[in-house]
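Note that the chains are named A, B, C and D in the order they appear, and that numbering of residues resets to 1 at the start of each chain.
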Amino acid sequence: MQRFPNPLLDGYRNFMNGRYADARDRYRQLAENGQSPHTLVIACSDSRAAPELIFDAGPGELFVIRNVANMVPPYEPDGHFHSTSAALEFAVQVLKVSDIVVMGHGRCGGIRSALDPNAEPLSPGDFIGRWMSLVKPAAEQIQSNDVMTAAERQTALERVSIRNSINNLRSFPDIKALEEAGKIHLHGAWFDISTGELWVMDAETRDFIRPEI
Amino acid sequence: MQRFPNPLLDGYRNFMNGRYADARDRYRQLAENGQSPHTLVIACSDSRAAPELIFDAGPGELFVIRNVANMVPPYEPDGHFHSTSAALEFAVQVLKVSDIVVMGHGRCGGIRSALDPNAEPLSPGDFIGRWMSLVKPAAEQIQSNDVMTAAERQTALERVSIRNSINNLRSFPDIKALEEAGKIHLHGAWFDISTGELWVMDAETRDFIRPEI
Amino acid sequence: MQRFPNPLLDGYRNFMNGRYADARDRYRQLAENGQSPHTLVIACSDSRAAPELIFDAGPGELFVIRNVANMVPPYEPDGHFHSTSAALEFAVQVLKVSDIVVMGHGRCGGIRSALDPNAEPLSPGDFIGRWMSLVKPAAEQIQSNDVMTAAERQTALERVSIRNSINNLRSFPDIKALEEAGKIHLHGAWFDISTGELWVMDAETRDFIRPEI
Amino acid sequence: MQRFPNPLLDGYRNFMNGRYADARDRYRQLAENGQSPHTLVIACSDSRAAPELIFDAGPGELFVIRNVANMVPPYEPDGHFHSTSAALEFAVQVLKVSDIVVMGHGRCGGIRSALDPNAEPLSPGDFIGRWMSLVKPAAEQIQSNDVMTAAERQTALERVSIRNSINNLRSFPDIKALEEAGKIHLHGAWFDISTGELWVMDAETRDFIRPEI
């Protein structure tokens, strides 16, 4: 019989003997009372950028959407399947989170591909190509800038894309209304995989700065 | 100025003094060499079911998609934005993962809403309703069964939905081909939030059983 | 001469040198004073699900009814021979047990046959067919569900059948009255032969959950 | 919430740490391959006479019917629910056991009530009265014998009843045929709760004798 991946089983054993053993009551409570996470994090699928690790979050704290390049598409009530919009709706309307964090990170493969002028469709459906076209206008502007290095262009687009996603969050009528009523707060964050640095977006200037911690 | 959520800053401080301090070289290496995760995990956005915690996974190990009810839609190369399909494509074509795990969990709010005959649309776009309609046929069959309790119906649908998603993974031509060539392996898993139990899908019977650990 | 089965004689020798030797006084006392078991267990005849083993019960503790699929028929005071109802009456009226446990188990052959749409009568009397018709309405509902696997349907019916039997216990006027007076407690339990797990029925939700032990 | 009986949970804990831990592979095998018990034991529901204890039997060895006074009714293919006949049919036709043991025991409450000339119906349905009427003709003969003590009369009826049940087994056409073909063997046994003595029925004389062990 095809076996479940061993590294996952080994990890699960550690979980049961470690974190779960320590937090048995917390898990039971969360199961009985349901979740009430304070924050929705929209993060990248990248294996190096798990929000639970970076924010040292335990069970029940973060509701998490993960897709390529931690993007939010604009509001499109067209009857199609919208994975990210559905999760957004659930977090906002059902769980009533008070904070939404769009968290990007350095060396993001999705962003890199959006900046690659020679990128070929990966498949006839070209799901990645379509998905990354969400940042295409910004990518084209940045691509044409030849005084910045490739790495600088990438970091720049990673941050521009976070701001794009925050703009798109505001295209959802209910999020916009809740934000105006002061009931929900939108944040941007960017994580540097190499140095471990966390940068957060200043709400007014929309610059990324290192928070005091 | 609107402040970045304090619980996240506190958690980040712990991360820097703990896990990052211990794994500084690993993070640096992952940044320089890029990620090469062995496994793609498609998990629920639920705050109680983070795969990194449950599989005690460190940076670089798991590429993770998270949406409501950890679902994979069928292959639809229609030019729309497909968050989940794009991430799938990236994991399979670019990162060439060897394993894909669809991981569901108990007490899933999305699944519960799919079983609720009186569920009202949450918004004009009804993103959740549309998204959960991916399991509608199965939900209707299970809903009509009144000898099982509500909780039993929910567990049943959580597992049926994992099998559905695995079927949908096979609707992607490249995944189907790679699986037939023995280059990619599809797995199902289900996590019990209350007891911490992990159940995995037997590849042949498609039943969920507790693995030896 | 036809000999008594050797495995039983060997086992009896172990009993005399082991458990009986250790509990000689207990057996003598039980013989003199009569039994006063606290609990009636209605269990399956299955060779893998003996309640004395699973509950590590010594002599005098459990009054036990065992039939196929651990079922209780509804109250039928019709003057026929009722093996199970007679034993129930004895346990409740004569022994005055305080607890009744209906204990099912996984991979029950009787339940499997109830779910088999092609099952042929085993004999002209078709005793098994008749007996298993006690769960026929539930079996038909579950049979028609083709999104659950065969094993899932079986587990579901095993648990539904336990609830059915508990309902049938309440059709006995004296049991109903004693329960309402708080003098008798009805429980459901389900044993997983493969993993050794015991699940017990929550009295309110009627779900099966793993007890803390 | 109404709690599952503590003595059972305590016993289950012992089971998991003891017998199950030692026989984990055996249980798993039995789950996967199904049961194939060599012997059907028809025993009394009495809490002091569990066949698994007396024959030191592990999981998978004995298929067990337990009712009051370990009786087999005559073959009655009348379309009613027959708990004992259904279990017999399952053991013989499906599991194809090679041996059937009717095991009585001393100080049996059911037999005592059958010998009590003043016994009142316990309920309008009088399930016990009806059930014990299976030995009524023999009971009346023995009752009228006033040179034997009460205890002697009881032991006598306990043994007569075992022979009755073996006769009734032979009223089932398939059991009769299998016995004549040498494919199934019928045995009687009687257990003395007080002394732990096991007596077995000599197949020819039908006397109860102590086997050499």
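A few notes on this one:
Following the convention adopted for this analysis, a contact is a pair of C-beta atoms (placed from the backbone, for glycine too) under 8 Å apart; a residue touches a chain by one contact, two chains touch by 3 or more.
All values derive from a computational prediction rather than experimental measurement.
Listed by label, the chains that touch subunit A and also subunit C are B.
The set of chains touching subunit A and also touching subunit B is empty. Centroid to centroid, with C-alpha atoms defining each point, subunit B and subunit C lie 39 Å apart. Computed from the mean C-alpha positions, the centre of subunit B lies at a distance of 52 Å from the centre of subunit D. Averaged C-alpha coordinates give centres for subunit C and subunit D that are 15 Å from one another. Between the Cα centres of subunit A and subunit D there is a gap of 66 Å.
Touching of two or more other chains is recorded for no residue of subunit A. Taken as a contact graph, with one node per protein chain and an edge wherever two chains touch, the assembly forms an open path, each chain linked only to its neighbours along a line.
Pairs of chains meeting the touch criterion: A-B, B-C, C-D.
Of all the residues in subunit B, the ones that touch subunit C in their complex are 137-138, 141-142, 144-152, 156, 159-160, 163, 194-195, 197, 205-210. For subunit B in complex with subunit A, the residues that touch the partner chain are 1-2, 4-5, 7-9, 11-16, 18-20, 24, 27-28, 30-32, 34-35, 37-39, 45-48, 50, 52-68, 71, 73, 75-91, 93-95, 99, 101, 106-107, 109-110, 113, 122-128, 130-134, 173-174, 185, 187, 189, 192-196, 198, 200, 202-204, 211, 213.
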